[in-house]
Every structure is written in structure tokens, then in C-alpha cells.
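Which chain is which? They are A, B and C, in the order written, and residues in each are numbered from 1.
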Amino acid sequence: MRCPLLPAVALAWLALGSGPARAAEPPPLTVFAAADLVFAFKEIVPRFEKALGVRVTLVLGSTGQLAQQIEHGGPADVFFAADQAFVDRLVAERVLLGETRALYAQGRIVLATARAIGWKLTELRDLTGPNVRHVAIANPAHAPYGKAAEEALRKAGVWDAVRPKLVYGENIRHTLQFLQTGAAEAGIVALSVATVPEIDWVPIDPRLHAPLNQATAVVRRSPRPELGLAFIQFVNGPDGRPIMKRYGFLLPGEF
Amino acid sequence: MVSVEIVKRYPGFTLDVSWRAEKSVVGLFGPSGAGKTLTLQCLAGLIRPDAGRIVVDDRVFFDAAASIDLPPQQRRIGYVFQGYALFPHLTVEENVAFGLRDRPRAERLRRSAEVIERLGLGGLELRYPRELSGGQRQRVALGRALAIDPALLLLDEPLSALDVPLRRTLRDELRETLRGFETAAVVVTHDFTEAYRLADRIVVYESGRVIQSAPRAELLWQPASEAVARIMGLANVLRGTVVKATPERIQIGWRGQTLEAVNSPTRSYLPPPDSPIAFFIRPEYVRLIRKDRGAPDPQHHMNLMSGRLVGEADFGTVWTLRLRLDAPGAPAQGDFDLEVEVPHLVYEILEIDRDRHWQLSIHRGSIHVLPA
Amino acid sequence: MDWFPVWLSLRVALTATALTLLAGVPTALLLARKRFPGRNVLEAMVVLPLVLPPTVLGYYLLVVIGSRGPVGRALAAVGVEFAFTWGAAVLAACVGSIALVIKSAQAGFETVDRQLEQAARTLGRSEWSVFWSVTLPLAWRSVLAGAVLAFCRALGEFGITLMVAGNIPGRTQTLPLAIYDRVQAAQMGEANALALIAVAVVVVLLFGLSRLARLRY
């Protein structure tokens, strides 16, 4: 055989074709959620599935990217953004259903120190110290927590001093990794992801930045909007609230 | 019958040639870069001329005016490239059969076997080109071109890639093969002996133009001009002054002598006295006169001269001698006047190594006049 | 452990490699053999995906094939979904890897002696036959190298896929996206397992191909 490669490849392709290249059927509910909800939603979603007997696909990503994807036809039924601005814009563009819009949490930022360096920062001013060489924050250009971090640093008057030391994470998980690996000695991350063993943290005064109101809404295009709404209500209801609280989110009614 | 009229322009070079030949072998002869290979490529359809017409056996291959340009696939031309262009990934038999794709399998096998046998490649069918010698490769290239029973065979320097001793053998083989297959052919070469041996008609190229097209004998004996003689690498191309010209004879004043030469038989050439004239004398036709037979007889020994050897070179089978005439004045070719070629045997018998002064004669028919 | 991303990535990579070969080899031949106006533009376009940030590329693709884009709308009109399906993942992989096929194949074709192709023409072979019988057999190693590179690139495609197909588990979450996802969720065990599988696939592929490459013409 002159070229055994071709039949082998064709065979492989056919074999894969019969494999699970496509999920059995699309599940009833697809939730697009900001990355900072990873831990909270990984608990909430299974409970919701059990309670209502529906399957949920959880798609995590950066709020900005998810918003763009929804705008261009992304298959979300409901969108949980880390910054209400994105939801409001999409509501205005009639991509999301305005009547389903709700706040579901308020995020908090904390000043985190990598435990590996042996001592703990207690206030923003400490970031200017010589033994802090790299400061990790989420990218202010597109991550709401990053924007809040920048606002806090400016308000605290240390932005210019700290700016040369900044390293940007694409989202807060990424930012957290800088701290977890010790690549950055300190940083500003979301409270909701700060409960990892590698870092210590202290809260940052919320008055130093615009509130990180996190909003959600059902996608207009959704074939079953009532399911999306049910999920929002679940998150904001007696089942979801304790979990959200446990992960450091302030809940509607508390802010 | 091949009829070629081509014009092709490149920056710094223009090919503008026109020649025709009957069913036979035509040699395109001339120095490198004269446009011979370019002509072949136009004949094959690999390059498109800017203007002109190419007709082979009453089939119009190309006609600029009529916008005809047959692609190479339809011309049925066998092309033997200078480097042979054998397909390195195919065996000898696959190479030879390459052009027979559209024929039924049985015929394909029969034909390629026949060609392989006739060209003496039997036993090499499954070898790859890299495993063959130069001569074998040349034969495979030839076989591949002949297998398709071409209307015209094109050979680009078929022997130049081979060692010299091999060249002579293969040259004769090639001649026999061409005769045996009875295919019209166009052979490109820059070696006159090769052209002479292989071709019936020779077309002489220089700088993109044809400066002579003639049957080979005519070219050999009557180069049309000094330029042609130079390209042919003729020795003893000399210049003199016309003393007197008649239709049969021309008397030439040269180095203090008056030489008598026959006039060009193919054209009436009557230059006026005192006009300059070019002529050549073939080195092998200068006779050294034996000293043991008495004084030379002017009736028998025409154009009698005498001179001294100023140089010699041994070419294995012949000696090339350089003679300076006893006449006063500067020699015609640097430090000598005439180049003389003598076979080894003659050199030894006449003891030329010891005897350096000789009388010589040149038959009037051996002085060839070159029209301006 | 969830094997879906492995299956999906293998399928996407194989499909993308086949498509890039189909589109890339003729383009490479064109670039290797012909002079034509706009040639430089074509060459620049070929290399462009290697230069632009993947997310930017993904965004431009999304704008075109998404629900608001011309292609997306045309497809929706006939009931076909493309963005956010595995097909979009294939598109992303193709865009990211076609330059590798084209450049490798082009280099290979350029080394094939044109006289051999001319000889084939004089022997009566059509242009198609000249390509299959002469050009390709003599350049197959370069084409294969390009295909291997394209496959590996397709297997590892991340940024463009993330944007134009989405990171949808069980639907478009390819192997690299899955690894990233596990890392984000601090599930390092599974992340490592998936990464190991990716490496194993590539090792097996390269091993198999090196044995193949020992075939002579």
C-alpha cells in the first residue's frame, strides 16, 4: 500500500464520529456565569438540578467575553455577570429580558498576601513597600474586580507607586493563581475566591470603589425562559443564599 | 517536416530565428546562450513565443497571428532534457512507460518492454535513476521520450553530461537509435563534431539569430562567414587581400605569398582586387613535404611554403604543430602562422621532434574562402 | 473522568487537518509556482492568523458567523447553527493552523525541479496528473510535516475556540479548554490527567509518523 496513512486516518475519523462527539441532547438550561462564581455555583447547580429535575450546563468565563458571545448568539439561557453594567447594556439592546433583571450579589475585594512570603499586609499602603515586588490584580480594562481594584488604589492614593509593580490577570481566578504560586507577593482579589490556603487576606473598605453589583437576567432568545427565571430565583432564594454567603458574597437586601 | 519561425523577447536578449528541415535530424549548433534551448522549449510548448509560427508534419503547433498555441500535452513531442529529468521516485520501467498512461495495459507493457530492450536497458527495469550510470540514465531519458512514438524528438545537449570516452560511444549509439526509430529529431549541441555526427542538417545559432542553415557537409566545407567559422572552432582563420578573383579561383595575397584557392562553389563570389578577404585552412590538410623524395614539384605541391616549428602539442592520437613561415613580417596568429595537424605515425616517421624546419603545401581546394 | 473533551478534540483536530490540507495544498502550489498580482497580499493573509492575538481573531470570526453576522444570519435562515458548535471549533482550529500547512507545503513544492514537471507535460500528462504523479510524491514529506504541525496546533487551539465556539462543557469544550477549566476550578488532578492525555496523543502520533517517514519514495 503506497500510503497507509490515509486509510488509517479515515478509520480513526469514523471511529471518533461514533463516539460522544455530541452530547446526547442539549440540556434544558445553559448558564453563562462570571468566573468568580465558580465555587459557589458548583454547589448551587447540582442542588438546582436535583430540586427541579433538569440538567444544567454551567459555562464559566470572563464577563466581557461571555457578554460578547451572548450578543452574537451564544447559547445561554441566563447570564450571571460580575458587573451589572454588562447586563444593563444587554437589556437595553434587548438581548436580555429586562423584566427578569435582578441583582444577585455584591462582590467584595480584599487585599491578599501570599502566605509564602511569611508576613501579612494589612492595608493598601503596604503595597508600596520595597519587599512587595509584584502586585496582582485583575485587568481593569475588562474585569470588574480589576476596575474596582484600580479605583481603590487610586482612592487610597497609592496608584502611581503601585502601578509599576502591577501584574494583570485575565480574570480573578487567573489573578488568584499569581498569588497561589507566589509569582506575586500581594494582590487584590475577590472575596469569593480568597478562601484558599495559599493566601491571607484583609477586607478593603468598600467605599474606596464603586459597588460591584452583580446582576443577572434571562436571555431573550432562550426557548424556556421560565427555567432561567427559576434558576435566578433559586440563587436568590433560601437554597442559594446561604451558599453565596458562605463564599463571601454580600446578598441582595444586605447592601 | 519542421518549420520554425519564432520571436521571443527577454530583457537584454531577443530570439529571432527562422529555419525548416525535412524529416531527418536537425542540429542546432552554437555557443551557450545563443537561444538553442529556448528554441527547443518553444517547440515543445513549454515557452510561448511572442510571435511566429511553428509547424511540425503539417500540424500547426503555434501561430501567433491565429492565436493557436497547442499545450505540450497535445504536441506528441519527445523531449530529452539536458540533465535527463528522470523521475527520481519511479523505476526505469515506470519512467519509460510514463507517457503511455492513456494506452491499454497490455500495449503499455509491450511498448515499454520493447523500448527498454532496444536501448539495451534490459535487466534494469526495477532500478531507480540514482542507481544508474550516466550512460544508462541517458538511455532511459531517450527511451522515455521514444516510447510515446513522438512526431518529433528534441534532445538538449544529450551527451554533454557524460565523460569524454563515453561520449563517443554513445554518440554513435544515439545516431543508430535515431536512425533505427526513424523519428525526426532536433538536437541541440555546442560541439561541432557531435552536431556533424548526429545531424543531417545543421542550423548555426549566434546571439539569438540563425547565421547559417545548411546540410552538414556544406557547413563543414563552406562556413558562410567568419562568424560561423569561429563558432565551429575552426583553426587557421586568416585574413588576406584579394589579388584576383574568377568564378573558379581566387588568388589571395597573404604573408608575402600569393595563395591560390578555389572559389566558393555554392555562390558566385567575386570580390574586387585589393579587397580584404577571410579564409581558413584545415590544419589536417596542410602537408608537410618529405625530405627524402627530392625537391617538391610545384605542379603537384600547390601553395608551397616553408617554415619553422615554434610550438607543438601532443593530443594523444595527433600532434598539433605551430609553424612560423620563413617570410618576413609579423606572423598571422600571434607567434605562428599556421596550425598543422599530423597523426602520430607521421610525426614519428618524419622525426619531427628532431627536424624543425619544413616545407609545406596546401591543395587549393583546402583553402576555404569565407564570404564577408 | 470526563472523556468528552478528548473525543471532541481528536475529532476537531482530524477534521481541521483534513480541511486545511484540502484548502492549503492548492494554495501552497499556487504560491510556489505562479507569479500573479496580489500575491504578496495572499502571502500576508496566510500568515496573519499567526500574528493576531487569538481572542481578536476569535472576535472577528464571531462577528461574522454569530447571530448578528452575515454568514451567521444566512445560515440561520436555512436552519443551520454554526457558532458555538463543534463546527466553529473546527473553524477556529483551521484558522489557527492553515498557515503551517501552506508554508510547509509551499517550501516542499518549491524544491521540486520544475523540469520534472515539464517532462511530465511533454509526456502527455494533464496538470492534475502532473501534480499527483510528480510534484506531490516528491514533496510529500513537507506536506506531511505541515499536516502534523497543523494537527498539533489544532489539538492545542485555545483562544480562538474559546471565543467562537465557547467553553460549553459537553458541547464545545475541547481538551485545552477543559484543562483550563479544571485549573480555574482548582481541580488539578483532572487537569493534569487531561494534559497527560494530550501529550500522549502527540507522542503516539509522532512515533507513528516517524516510522512512516522511513518509507522511501
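Rule of thumb we're sticking to: contacts are C-beta pairs under 8 Å (C-beta built on N, C-alpha and C of every residue); 3 or more make two chains touch, one makes a residue touch a chain.
What you see is a predicted model; the values in this text were computed from it and never measured.
> Just grab the chain with the largest centre-to-centre distance to chain A, centres being mean Cα coordinates.
Most distant chain from chain A: B.
> Just by CA atoms, which chain is the most central one?
C
> Approximately how many whole Å separate the CA-defined centres of chain A and chain C?
31
> Between chain A and chain B, what distance separates the C-alpha centroids? Give it in angstrom.
86
> Cα centroid separation between chain B and chain C, in whole Å?
57
> Two or more other chains touching the same residue: where does that happen in chain C?
none
> What residues of chain C sit close enough to touch chain B in their complex?
113, 115-116, 118-126, 129, 133-134, 137-138, 217
> Residues of chain A touching chain C in their complex?
That would be residues 4-5, 9, 12-13, 16-17, 19-23, 26-27, 30, 35, 38-39, 42, 57-61, 65, 68-69, 71-75, 173-174, 177, 196, 221 of chain A.
> Spell out the residues on chain C that touch chain A in their complex, using ranges where they run on.
3-4, 7-8, 10-11, 14-15, 18, 55, 59, 62-63, 66-69, 72, 83-84, 86, 144, 162-163, 166-171, 181, 183-186, 209, 212
> Using the touch definition up top, name the residues of chain B that touch chain C in the complex.
Residues 44-46, 71-73, 75-79, 81, 83, 85, 87-90, 98-99, 101-102, 128, 144-145, 148 of chain B touch chain C in their complex.
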